[in-house]
Structures are given as C-alpha cells and as structure tokens.
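Across the two complexes that follow, chain A remains constant while its partner is chain B and subsequently chain C.
Let's turn to the complex of A and B:
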C-alpha cells in the first residue's frame, strides 16, 4: 500500500487550485503508479453482446487465482456490470482509506471493482455519456488500492465504444486482448470489427475464444450445434489471429454463475472446465512468449 | 484422514485459501480418495471462525489439514488437537492431495496470517 507523503499531498492541493491540465497530469501519474504494480493486464472484448465475456473473465480469474496468483478484475462494463453477481459479492459497499478505494474481495481473494458497488439498487441504471464514463474508468484504475497483482482482467462491454477506448488509452502497455465470440455468422461478422479495433489501437490479440459452441445431449450423447459451428476458427484463419479454443454449452455454467461460483472454481472435472483449462494454457503460452520477447528487446536496447 | 479447505463440495473444486472461512471442509481418505464434504458454518461468523473450524475437523478425525493460510487462533486450536498443518497450497482438492502424498508440502509451525484475515480482507 502506498502512503501519500506530505510532498505528494501538497502537489495534490496545488493541483486543485492550478489549471485543470495539472490535475489531469496528476491523475495520469497516479494511474501509472497503480499500473506499475500489476504484472499482467488482459482485457476481454467482443463484438456482439451476450456471448459470454463476463463468464470467460470470471473463469480466467478463477483459473489463475486457484493456482495461487494474486488476481484482480476491473469490471469496465459500466451499464451492465455482472462480475460481482458471478462471484457472489454483488452490491457490497466499498471502503476507502489513504491508499484509495479498497476493492471488494471475492472467492480465492480475487479483488473486484465494478459499477455495481456504486449503484443504489439493482434496478438503478447508469445514465451517463462518454466523458463521465472515461473519468469513471480512469478512477477505477488510479483511485483504487489494487496493491500488488499478478494479473488484472478487464471485463469490457461489447463493441468498440467509450469504455474499450478509454481502457486502451489508460493501459497502453496491456499484454493483450482475448476476443470472445459465438459460432453464428452474425457474431462472426461483428467480431471482425473487434479484431480490427485491437489492431488499430496497437494492442496484441492473444486470441479468439468460441463460447456457446455446441451442446452435448446428456441423455443420448449426441452433439447439437445450436449456434452452428466453427465461426471462431474461420475468423482466426481469415484474420490470422490465434484460436484459443471453444467452450461447449452446459446448463451447469449458468447455474454456477448465478450462484456466484464460476465453474473453474466449483468443479474442474466438467467438460467445460476441461475445455477452459486448454484455453488458459494457450494464454499462458502467449504471455510467456511475450515476456521473453520483451526481455530480449530490453537486452538489445541498453 | 486429511482435511482440505475448499470452495465447493467435490474433489475437483478449487482449494479455498481461507481456513476458517472456507465454504467446505473436504475430509478425505488419501488411500482411496473417499470423501465427505462438510459445509462450514463459520463462513459468516464475526469472530472465532478458526477455532470453530478446528473443532469441526478434529471431531471428524482429521489428522492433517491442507489450506492456504491459518490465523493465530486456528493455529493454536489445531496444534492443541494434534493436527498437522500444511499451508500455502493451491489448486484443486485432488491436486493438492496428490502433491501432499508425494511429500511436496512441509508442515507449518506458525500462523501465516493475522486474525480476521479472511473476513473481507480489508483493514
């Protein structure tokens, strides 16, 4: 935890009386300081809504946390925050101290910050435009006492609007994005925009996850492709981005999410969990290759 | 018998690092992996969760407990009951038991966190 030194305090006081640009710089510095203590930052994005970004985020966090890593989730879906519900910590009031706002702590010690904690009730919508949302996201990073983290997962709303843009702006050294899609052609068409978005903002694409990929009948064992199949693989081939794997449809995923315990924590022997373990392995591979490359770069440039 | 603190009631559930406030105690026989999942009534307790947890698993005949962290009270209670304490473990219940059987963990001789550590994590 960082304590504000008297010197810093005086700078903050000056900033309020000075021009807004000084205040802005201060906030930016604060954000940078917080980010320096987080080893890996990964955002989860999608083209279309309802494809399972939050499910993927929550389970990625659980997978890493169950291995003993320090994990945080920044729920940047300001209008439809669902991470707290999935981790069984919805509507928890957050406390604050000298170091900033303390994130809520969920199962396996996962730290979470979400708009859900700031809204007065379940039904209360967030009626905000772009600039306010950008400020909120900046504060979610800079004013929160994240502490030392091994991984920060950022759950973004669908599409390429204010929230994803703000995140890409504030976290330029992001490790990469995981793009979630479903097998239908409809999703396929829109997810391409997300791939281009990541490429244009200069963030590496870790790969594509195809969620809701087929349903195996529990009675006869026959596989039914409810939303067609192979959409994720087609996009990965067409746009030459890595394919991380597919997650089958399983009613237990919904039951687990609603009860606040993602399947990667509840039971790692389920077929969905097994599929997910393979995806996690590919993400780890990407991160270790990336780390190796950046270390090499540092060696070249003294 | 071994006790593992877990966040759900099966062998493939993740280990819960908070001993006193874990969701379930999985009491199992490492020879045949036969297990019994006991819900922890101390999850929401304001205090004394560690002592109560130690009592519960001692009653079930556990000789070893594998978890993430133990606080000072739980440590005292477990030591008094002659239960071996293994901390710093992570993974699924099945994985940590396998590692334990291979002798990859060592016994803890002191509490690993301060009191009330698992009750929200904020000080």
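Let's turn to the complex of A and C:
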C-alpha cells in the first residue's frame, strides 16, 4: 500500500466526478440559483459519530427560528438521518411543484429535507456508494424549493468522505463549520481530523462544541465525567480554533429528542439550554464579524 | 427526485465497480487466498455512530485472544480509526515483506490493520471518496500478511455505504455480523437499517448488543437511563434477530479505552466485563451451532 496525500486524492476525486456535461452545468446553475437566496449556510460536522451533531443542528435551528428568522435544515446524513425524528416530522411524504420539491415544515416553520422522507420505511437502509450520494446531495440543494432563507444548517454524517466533500464542493461560499466533539481522548483524536478537513477545504471553522460533557446525578448532585472532560478545549488550544462551549449530559435531552422536541424548544431554563444559548451567542458574534469584514471588503473593491 | 430501491442501487453499484480486468482478478485471487487461512470472520456494524462498535470489537478480540486463539482486527473505519488507540498501538509504522504488509501486533498477539497506520499524523483526515475506499479495503485483506487466524473481527464505520458494501463484497462467506446499538429510540430507528442491510446482503445476524445501557451513580447507587433503555431488545423483537445482551455505562470504560486497555483486559470483575462475558458466550454458541450445521451439510453432500 502506498501513502497518498489526502489533499491530492481529494482533488483527483473531485476532478473525476466533476465532468462538465451540459446537464451537469444546468444542474450546477440551478443549485447556484437556489443558494443565492440563502443568506447564511453553516455545516455541523464531526469526525466521530454519536457525538451529537444532529442535536446541535436541531437546537441551532430552533434558536434562530425562535427569533423570527427563516430557517432550513439540510440533513446530509443519508445513511442515518436523525433530524426529522428530532423535529417530530419523520416519514413525511414531500410534495413537488414547478419550483421543485417542497421541504417538510417542522416546528417554528423550519424547512427540512432529509433522506428519511424518501425511504420506503423506517427500517429501509440506504445501500448507496459515493457517486449516488453526491448526486442526491446536489438534488437536495438544486431540486428543492427552499425559497428565501436566513439560515441553512447542514447536518453532515461522521467522517471526511463523500457527503462532506460534496457539500463543500456545492457550497463553496459556506459561512463556516461548527465542529462537535465529546470529551474523550479517542473522540479528540478523530475530531481533530475534521478541523484539518475544514482548513484543507478552505471553509472557516466557527468553533468547537463539546457535547456530553459531565453528568450531574439528579439524586445526589454528584458530578461525574462519564466520557472524561476537556477534549473540546484541548482541540481548540492545539489547533488554534475558537471554543464555543460545552453541553452537559442530561437524560432529558434524549427523551426530548426522541419525542421530537429539541431542548431549546422544550425548556430554555434547563442547564443544557443555558449552555447552548451561550454557544449560539458566540456563533452570532462570528457571523456578524464575518458580515462586517465582507462589507468592508466590498467597500474597498467597489 | 425519484425513489429507487436500495437493493437495486446496491447491485448496480457493485456491478459498475467490479469490472473484471486481469489485475483485478489477480487481486481478487490474492484476497481469496488470504481469507482461506482465516477460520471465522465477524463484522461489527451499526447504522449509528458513537454507539461503541470499536469498544465491542476490541473487547471481543481480547476475549477470544485471552483464550489462546489467534485473533486479528481489520479496522475498516477509514475516516475515524479507533482500534489502534484502544489497543495502545496507535501510529505504528507497518513493515512489509514478500508475504505482504505485516499487521501491527497489540496485546495478547492481536494483529491489527488500520488506516491510522498510514496517515502522516493524528490530525490528518482521510479525504477520500468511495472508489478509493473500496480499493483500500481490498488491500487491507489481500495485501496484508494476516497468516493463519482463528478469528478476524472487522470494525465497520456507521452507515450502509461504501465500506460495509465493500466488506460484504470481498468476504461473502462471513460468519455473521454483530449489530451494536444504544438504547435511544433515535438509535433504534437508525440501527434497524443495519439489520435490514445484513439481511439484504445475505449475511447472518449473530445478534444485537445494547451499549451505554443505564448508568449507576458511583456515589449514591442511583440507576439512571441516560440514553433511555430497551432499544436493543425492541429491535431484536421487532425484526426477529437474537438479543445478545446489554453493556452498562461506566466511566472506567472511557478511561481504559483512552489508555489503550479494553475493559476485558483491565478488570474482568467489572459489571461491564461481566455483561460482556455473557455476550461472548452467546456469540460462541452461534458459531458452534453454525459450525455443526455446516459440517452436517458437508456430510450430506460429500
């Protein structure tokens, strides 16, 4: 086995899959037109699975939607779509019209497109290889009637393979990525790869969220770091990326997620919600600084 | 977007990627020869990430190796390889000879091949699309000097995409898959897809393991189902597949895994280890029944 630079491989892969047939150009134009109507695009990524990417995505969407923003979620976790269940809209049949496929609409008007809506049953797996997944993601953007949106949050599956690469390829003007981790050293090692991935693909890192960070026994108040603690802060320090905050372990998060109610909608006085409000404030700060810098740039180059 | 049967897509995909060039035929023969020297091949899968596939894989390997069996682990989680860190052999440079690449050797002589050994650093992501991943997995079998093995455990990444499809394609005579889940309804929904995946690809389901099942406060003894409970049993009942058992949440598992010591090696009197010993017994029972049936079949068709 020969060692290959991942960056090289990535470029080769993209070049191979991006042949410029007329049909493809048309699809790209369609995708571009849809994206132009969306002000901010933020992806939620993590090298490691099960760290809470979908929980962070659903609650970010709720936080912004509750302030009156127009919000959408593109669930790019094609094999394990969780967003519909978290918002209580699983297995909805989608309608389509001249403008394209209409997204399902969840709480607070959040628009959602997910592979969950296209599978024949809950148990049906999506047994697809990369090229088909790339096409599906392109269609999730270009063929969907997203309309005008203030924020589109993209929930990505773990890893740095076809789905994240496709998203980065189709949305090159992404505002940035939020990287989710859990405190263990093992997650830390894997999630570091996501930071490098974002840097190599030229997408700004908004910051790192540490989920499942410490558990307080509801009976005796004793705090136990079930999955250790501090991994998120260590990644942030080691790789010089902002630390957004940590979300404690709370059994109610699992119960609420299962019943289609993200904790930001269920009870904003919970410690998890309070922690999340601080994280959202930091993301807002990042976006407004970015907006300011981009406006300045426009002034310099009229 | 048109609805496509996943089974159809899978077959189309495989047909496309399996052109029969001479080089490929040679590689396939090489792979076949390597596999013939391995008595049992068991994959550990899960639709959902972060449920503990690698923990189950590492501990299964330890359980069998501690009885004197020759054991190997093929870490097929190319984007997020965890096995080397769990066995305390991360970032080892592999040597090669006439027989191929020599696997790294962990505790109790467990042979390991993982993408971790081929990446330039801990932080380096593997930014690869599907076709390259399929090739890497083929090389992980055919180009590696596994030698004679009693058991090869294959740790698969979450989902039902390129990696699991490639493994099922290259190892059609797999003994079976162990499916890992965690108790939440959300995981339950996604993990059901893995059961269907195994059934559709014709691989026997050895059974379901429920990980992260209930937490007992070390201070007051209060048991809390942090991620709910019973999801694994529900999948088993709903889809008529065996239930192997549940592993409780224990902060020591995370500490041990991070320090390269699977709990089966650290302390077999821990509740997690006791639960795991029962799971291993059921897997052994499955394998011996299978062996008996296969011998009977041979007797009927001499």
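In this section, the second predicted complex is superposed on the first by the 282 of 302 C-alpha atoms of A that agree within 3 Å, B and C clash if a C-alpha of one lies under 4 Å from a C-alpha of the other, contacts with A are read in each partner's own complex, and residues count from 1 in each chain.
The rule we apply is simple: contacts are C-beta pairs under 8 Å (C-beta built on N, C-alpha and C of every residue); 3 or more make two chains touch, one makes a residue touch a chain.
Computed from a prediction, not measured in an experiment: that's the story for all the values here.
Q: Should A:228 be classified as contacting the first partner (chain B), the second (chain C), both, or neither?
A: second
Q: Looking at the overlay, does A:267 come into contact with chain B only (first), chain C only (second), both, or neither?
A: First partner only, chain B.
Q: Which chain, chain B or chain C, ends up touching more residues of chain A in the combined arrangement?
A: For chain A, the partner with the higher number of touched residues is C.
Q: In the overlaid three-chain picture, which partner chain does A:218 touch, first (chain B) or second (chain C), both, or neither?
A: Second partner only.
Q: By the touch definition at the top of the document, which applies to A:197: first (chain B), second (chain C), both, or neither?
A: Only chain C; A:197 stays clear of chain B.
Q: Tell me the contact category for A:23 with respect to chain B and chain C: first, second, both or neither.
A: neither
Q: Which partner does A:109 contact after superposing on A: first (chain B), second (chain C), both, neither?
A: In the superposed model, A:109 contacts chain B only, not chain C.
Q: In the superposed view, which residues of chain A touch chain B and also chain C?
A: Common to the two interfaces on chain A: nothing.
Q: Can you name the residues of chain C that touch chain A in the complex?
A: The contact residues of chain C facing chain A are 1, 3, 6-7, 9-10, 13, 17, 47-51, 78-82, 85-86, 90, 101, 118-120, 122-134, 136, 139, 143, 157-162, 165, 182, 184-186, 189-190, 192-197, 200-201, 215, 217-220, 222, 224-228, 239, 249, 251, 254-255, 257-258.
Q: Where on chain B is chain A touching in the complex?
A: Its residues touching chain A are 7-8, 10-18, 68, 88, 90-92, 120-122.
Q: Please name which positions on chain A make contact with chain B in the complex.
A: 62, 65-68, 95, 102, 105, 107-109, 261, 264-270, 273
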